[in-house]
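Look at the two complexes coming up: subunit A is in both, with subunit B in one and subunit C in the other.
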Partner chain A sequence: MKQPRTPDDRLLSAAGRQLSAYALMAIAFLIVLMFILNWLAGLTSSSSGMSRFGVDVENNSINAFLRNEPPQMDTMRSTDAISGVVLGHVMEGLLRYDENGELVAGIAERWEQNGTEITYWLRDNARWSNGDPVTAHDFEFAWKKVLEPATASQYSFILYPILNAEKANQGELPVDAVGVRALDDKTLQVTLEAPIAYFDRIVAFVTFLPAQKEFFEQTQGRYGADADKMLYNGPFMMTSWVHGASLRLERNPFYWDPSRAKLDAINFAHMTSDSNTLLNLFKDGQIALTDLTTQMLEEAMFQRWPLERFAEGTVFFTDLNHRPERLTSNFNLRKALQLAQDSDELVNRVIKLPGYLPGISMFPEWVQGVNGLLREEFPPAVHRRNVPLAREHLQKALDELGLERLPPLVLLSGDTPVARLQAEYYQELWRRELGIEIRIDEQTFRQRLDKMSAGDFDLVLSGWGPDYNDGLTFADLYASWNLNNRGRYINPELDAYVRIAQTSLDQVERVRAFGMIQQIVYDDVVHISNYERGYVYSTDPRLKGVVRRVFGAETDYSYAWIEAEAN
Partner chain B sequence: MSISKIPVRTLRPADFELLPAQSAAPVIVRPSRSYWQDAWARLKTNKRALVSLYIIIALILFTFAGPLVWRVDPARQDVDQISVGPGVDRRAIVVEPWQAWDGSSLAPGYDSGEGLQLAADPTTQSVRLLWSEVPGATYYRLYRNLFSATDIDALGIPMADFSAGGRRWYEDLLDLQPREYFYSITAFDANNQRMDEFLTISADVTRVITMDEVRSKELGVDIDRLQLGDEVFLTFHPLGTDYLGRDMLARLMAGAQVSLFIGLLAPLLFVSFGVLYGATAGFVGGRVDQLMMRIADFVVALPFLLFMILFQVVFGIGPGESGIIPMLVALVLLSWPATARLVRGQIMQIREEAYVSAARLLGGSHMYLIFRHMIPNTLGVILVTLTFAVPSAIFTEAFLSFIGMGVAPPTASWGSMSNEALKTMLTHPHELFFPALMISITVLAFNLLGDGLRDALDARMRGME
Partner chain C sequence: MAAYVLKRILQGVLTVWFIATATFLAMHNVPGDPLSGERATNAAIQANLEARYGLDKPLTEQYLIYLGNMMRGDFGISFTQQNREVNDIIREHFPVSATLGILAVTFAALGGILWGALTSLYRNRMPDYVIMFLVILGISVPSFVFAALGQLALVNLNSLLGVSVLPVAGWGTVSHMILPALVLGLGTMAYLTRLMRSSMLEVMTADYIRTAKAKGLTPTRIFTRHQLRNAVLPVVTVLGPAIAAITTGGFVVELVFAIPGLGRYFVQAVQQLDYTVIMGTTVFYGAFLVFMVILVDLIYGWIDPRVRLK
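Presenting the complex of A and B:
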């Protein structure tokens, strides 16, 4: 119904016009404000003073990202992969991994193993970033510091092959009794508990990096907490560290091999793991490399970016709690859970990430056997999903446990997208196929670790990354004395094989022990294999020689260079 | 000037006579309507409110009658149809179960030739590829692409590497969808340098299904009559599926139950409590009122989110248990003061009205005052508060589930569904669109209805049409 226009209406429409004028002005003001704020943010942002280009040809520098803020850079306490990436650029141990993943001489020029005695001769021209020479005393100091009970290093166990290291770490012996000694400035002598074959592979690990005693004491407990609270002996050195925002590495002028570092600077200008942010940054050319998730792959293919694949070398599995008070200590129940699932379906249909491989063994693909790959010499058990058999095992389990119905099992999971997906998939799978109710306990990384250590779970989605290039880093995971054996699996037969793998000097015997351990873990359902993680990533075509590998810095730019003409 | 005398006559009863019944006089009355009839009449003319009312009725039907009609388990995962949109092609060809391939056998109609080639019909089970040696190569890298590969620098996703002299075949099993894929292979020479040529082939993948899968999925076809090569239709998902192949429609219905449970029960509880509390404060007045209102002020100052977390802890909500009950308790305990204040003000105002004073002077008891005057006159306000409380409670639930403090998987709620869909927003927008649409429609409908009710129930607008 059309109303005749009255003075009231005219007044209203005038007011309306005025209001819309105000609204337009407000919007215009907001837009201007946005630009001003953006400009201000640009002035104060973390990347101020850094280039905005992912690959800066003029300054011979690149911008990259870190998945997270590194907790600290103290090599003696470091446990995480992110500080590992930075440390791989700024520090160098006795040995290191080169661009092909081979173990080569680092600060040590040459070394010699004689039974339990290993001698390292250090380079004369190895120097710290303040110009002081790197001496054998720096190694002796750092290693003994790791073993001091007061340091409470989580990785002190990796030094245990050294004579008296375990006892010193437990406080039973003074650290001076540990079998590491600087004979002079350039000679380091290490005495081992027993002659082992893999010590040279361990020695490239972060925990074995050196530290200068005088400098360490000057920092008064803040060693590695800031860019200027540390000395560097690697090809790069950290010049600034804005916590939570950015980190800048520049070429170290005192590094013994001036030809190694080709870039002048590496800016870790972004600290984020948000895949959408990273995709946009890469699209804008603000970072030189990005990892891609499933959702971003179509876009990446559409943009015709060069894609690369990299297997991280870690295995992921569902750990079961073997403590006697838990239902999962029943073998038939574990077997039922194992038989009802199939890692092929998990990886190919549910996770769907190229780069992931279905889990078929506790050892990842790369682990070496005697001559070739371990898994070729000792093929893992072939797993086939068999639901009827799984139900039989479940019935047996119920009879043994004297239960009508199984109470809900708690599945402890992380809060990453893949872990959540996997947990929900298993919850429904076991409910549908076996009628087992699963409760998902989703926790952050740290809390999940706490609950795992406390044994507060029935099943837990877990994973294990290698510390050194030897199958033992996986094989001893379920040894009864290993604190990372979160389900408290105790099996003297498996322990015996771990002892062989630890102490034997015969590689054939060791590899056979790995094979046996692999078989026990499958047959006794110590855990359920899920997948091996890998990444698909894209690099700026002008940046060449980026290394991604299992050991050392996961992403290593220290060998990289810029080829400007390629575009 | 003199006043003329008028003779005065005393009136007698005889001077009066009864009037005849006034049948001729027109009666000017409107039909008598109660307050509610009047309000309903006004609401009916408000189109927006009326449509909203129908939407809410439809929503309640969707929530409670829907699962009786659409009998699909919202937790059931259909791994063959993960993240499919609504209305996609569901045809599948029945084939033999998948068997691992060793690279030696060729399907009929395929023979080994030069270059990169298929070894069998490409299906959603697998794509089998063979290639011939390139002289001088040390290893090969195989790529898969969704777009045709023309640039050697951008061949797509690297699937695997193969050393020369090893196997020269590959079986792709990774997430094959019924669409066209482009496979390419490049060779690397002894110096780890890529050779300049690459081979490429396209594979048009058809969707397939095995007899066992047809049986276990209960597709409603006669298994005994089914033969290899027949065409069947996969499970129908009217609104598509989510990231684990769960039916979106069933999950939306399940989510509606959670949302409406919180959305209706929580406001009912806290509005009733608020009304009682506010009415008491307003009616009694004085010191009691002061005290009660300061308590209400204190409750207003409590931060909701913090208390939500505290309640979860206090209730001992263990791992994997739903946080719905603590959410309800937190909502009720922390949301009542607004209603209480409103009702208190209303009651205090009415208490001073002339008609109430009159009723009191005429000896009306407290009960009479409350039930005859106070409640009917505040009912409109209460009802409006209630209608506005519903959408805000639904929204709170959605928000809390969105940040992961609500329901535990596999239970669905609109908020948690939105949260999960956020990661795949760009590739599978339908997963976010539907729950977000439901939240928006529901909140909007309740708000518009509340708006209409406020106008309709306003006693001052009585009689206005």
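Presenting the complex of A and C:
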């Protein structure tokens, strides 16, 4: 039986009708609002020419990602790896790295070193993206600009092997006194402070890239801030840069080698470091390549994606404080800490990220010896965990220090998830095996650097990435004069080997010095090796020829091409 | 009225000045050097850098220079993006955050009012219980969880249907905005639903509703004119701060959906100790928040004359 309708019921149904009417109006309003916003957004940002597909066969273009917004493209001041990826596509120096990571002729067709004098002969057909020829003057201008104190370039030190470069950078000499000179449009002459064997490897670094003076001055301090505020001489050129959102590279029609670039366009369509977002974009077919974390490997295997591993070329280690007032200046204590740990366990049981390798040396695996890998010619010391021996060393250390018990040691660490895991691993390990209390001092990036420079730590989780393809980029790390030697390790024997590696023109002698330094760093426990960072990644099967390497652009699409039928 | 407005604006300026000063002092007292990098710099390079950014001057002088520049609306050059002005960063990225924020607040306000009204009508019945359960969920679950789940659901939906219904991440068209705005507005929507519900219930038992019923007004008129309109007032009050909170607090959503909003720069600047960007964004956001609060006060005074007189 139906209940009689009360006034309240009537109110309710009337209200319900009203509410549904309002809901419809709200939806209509939202749709209108979205179209207005869409129109407004179109005014502020443009994603024109961008495809939604990771691999766009029709337009011969790809979509990729950058981990973050590149801070700037000004090669004279750039320091970071993300700018390096973009610059590796749009710029070319005298020399460059090819798809196998070998140094080859770039803008310079050939070069000749004669003691301290190096002469570079530039290609006649090398051009900027506006059609102007790339001249020796462009290199001279850029290098001198880097050294001008007012430029305040953080990487100016990399030019210091050049005659008078350091003095000019300190303002003691005018930049005109620097040993770089364009003899004519196509000949560049460089004079070094002293003859060194590895200058051609340094010269491939971004700080040595050229810039056209007239164009640079037109930009009035905004060189490299936007896509149209720069000239390009690489296989690609930047045609749009929506800050924080996307960056588009198109094939540079003026590049000297028309056969190099096979893609018409590379869209860095997303800028994010969120690994889940990247995986989702990859699954949705919107980007052509993604890095994978351990949790994603299972899914990747289930989807039968091709997996590849890439070692980034950096080493990570725990630096010890060797300042005399610190307990860690005691050799036996350092040895005890070293013997109790095992980088294999750290990498495979604790960090568990795909692509990571256990650290066994201060030199990463790729460093070259005389004919092959340094690691084959001078194998690193074999490390075996030995807790009883570690305890003996600890006892000796306590006797030498005149201590009953060791006060807690401070382990300075970064705030990344990996650093946190690592710090907690060591805290637990050394407490369990040696009874040493570790106090973890977790700091953000700049605060950690501050404490490192001030020597406010006993142990610090640290790392080092190479600047150029020569063992010296690692070998001089613990030289007594190196400012990056944050633990102030001082050893005349090691210094002597560093000097040999720096000044000798004999590669056999240099590599032997690397080997000796490697041995000292292990034997004297200058630091404790942790791991070498790497990535496991998947590429869209239609995209071939992507290069990932230590030098040049870390991820390089400039040699890549699309094979449509492959699946 | 004019005196009231003037007083509020002066208070606002004072607040912004206080924010600027406090941020300046706090920032310079945080250990760490904004010019340091992974590579140690030698004394010459360090001196060159400090001179470029004026960090070689005493702190009081830096403060005065900073205040002077701020008056002229010049926040200086970013430390990390060494050839971009902070003004450029704000001008390019705030519209993105604001667009996302406006859409999210609209979602939240419309949704909150409608759901709130609905639950109050169905008080203590099934729809009420279901919606209020979802509301508790919406209030307690942080937005980054919704962001990740929403994105994952979208990927699976896209691959299930074989076509891209909505883009998974990115920015540029309205299709990019829908999911992030929904996710960003969800928490506020839940909060507003609860607010609207209790406000409606209060109004329903009010004397003037009984009077309206006794007068024999049509149910439609009673609901729209007397219930809904009175109940919506508290929602308007919290809307101003909500707009500011959503616009400034969207950085996690911006990160997950790879949206080029200002929130990301704000957070990164703090992490990297980018002095000029920290100052610029803090003062800008502070001023924005103060402005929204004043605006709501003025609107409220206009809606409810009793407020103005005090």
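By our rule, the second predicted complex is superposed on the first by the 515 of 567 C-alpha atoms of A that agree within 3 Å, B and C clash if a C-alpha of one lies under 4 Å from a C-alpha of the other, contacts with A are read in each partner's own complex, and residues count from 1 in each chain.
Quick note on the criterion: a residue touches a chain if its C-beta (ideal position, glycine included) is under 8 Å from a C-beta of that chain, and two chains touch if they have at least 3 such contacts.
Keep in mind it's a predicted model, so treat the numbers as computed, not measured.
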- Message: Just to be sure I read the superposition right, which of the two partners does A:Phe331 touch: subunit B = first, subunit C = second, or both, or neither?
- Response: neither
- Message: Quick one: is A:Leu40 in contact with subunit B, with subunit C, with both, or with neither? Answer first, second, both or neither.
- Response: second
- Message: Of the two partners subunit B and subunit C, which one touches more residues belonging to subunit A?
- Response: C
- Query: Who does A:Arg304 touch here: subunit B (first), subunit C (second), both, or neither?
  - Reply: first
- Touched partner set for A:Ala14, first subunit B, second subunit C, both or neither: second
- Message: If we overlay the two complexes on their shared chain A, which of subunit B and subunit C does A:Val350 touch? Say first, second, both or neither.
- Response: first
- Query: So, does A:Tyr559 touch the first partner subunit B, the second partner subunit C, both, or neither?
  - Reply: neither
- Check whether A:Ala150 is in contact with subunit B, with subunit C, with both or with neither, and answer first, second, both or neither. second
- subunit B and subunit C contact sites that coincide on subunit A, given as residue numbers: 276
- Task: Would you pull the subunit B residues touching subunit A in the complex into a rising list?
- Result: 75-77, 79-80, 82, 143-147, 151, 153-154, 156-159, 173-175, 243-244, 318-321, 404, 408-410, 423-424, 426-427
- Within their complex, state which residues of subunit A touch subunit B. 276, 294-295, 297-299, 301-302, 304-309, 344-345, 347-350, 352, 354, 408, 410-412, 417, 420-421, 423-425, 427-429, 431-432, 438-442, 536, 541
- In their shared complex, at which residues does subunit C touch subunit A? 30-42, 44-45, 47-49, 51-52, 80-84, 89, 92-93, 95-96, 99, 102-103, 106-107, 110-111, 114, 117-118, 121, 148, 151-152, 154-155, 158-159, 164, 167-174, 177-178, 213, 218-220, 222-224, 227-228, 255-261, 264-265, 271-273
- Sites on subunit A touched by subunit C in the complex: 7, 10-19, 22-23, 26, 29-30, 33-35, 37-38, 40-42, 44-47, 50, 52, 69, 71-72, 74, 77, 79, 149-157, 166, 169-171, 221-225, 242-246, 269-272, 274, 276-277, 280-281, 283-286, 444-447, 449-451, 453, 465, 482-484, 486
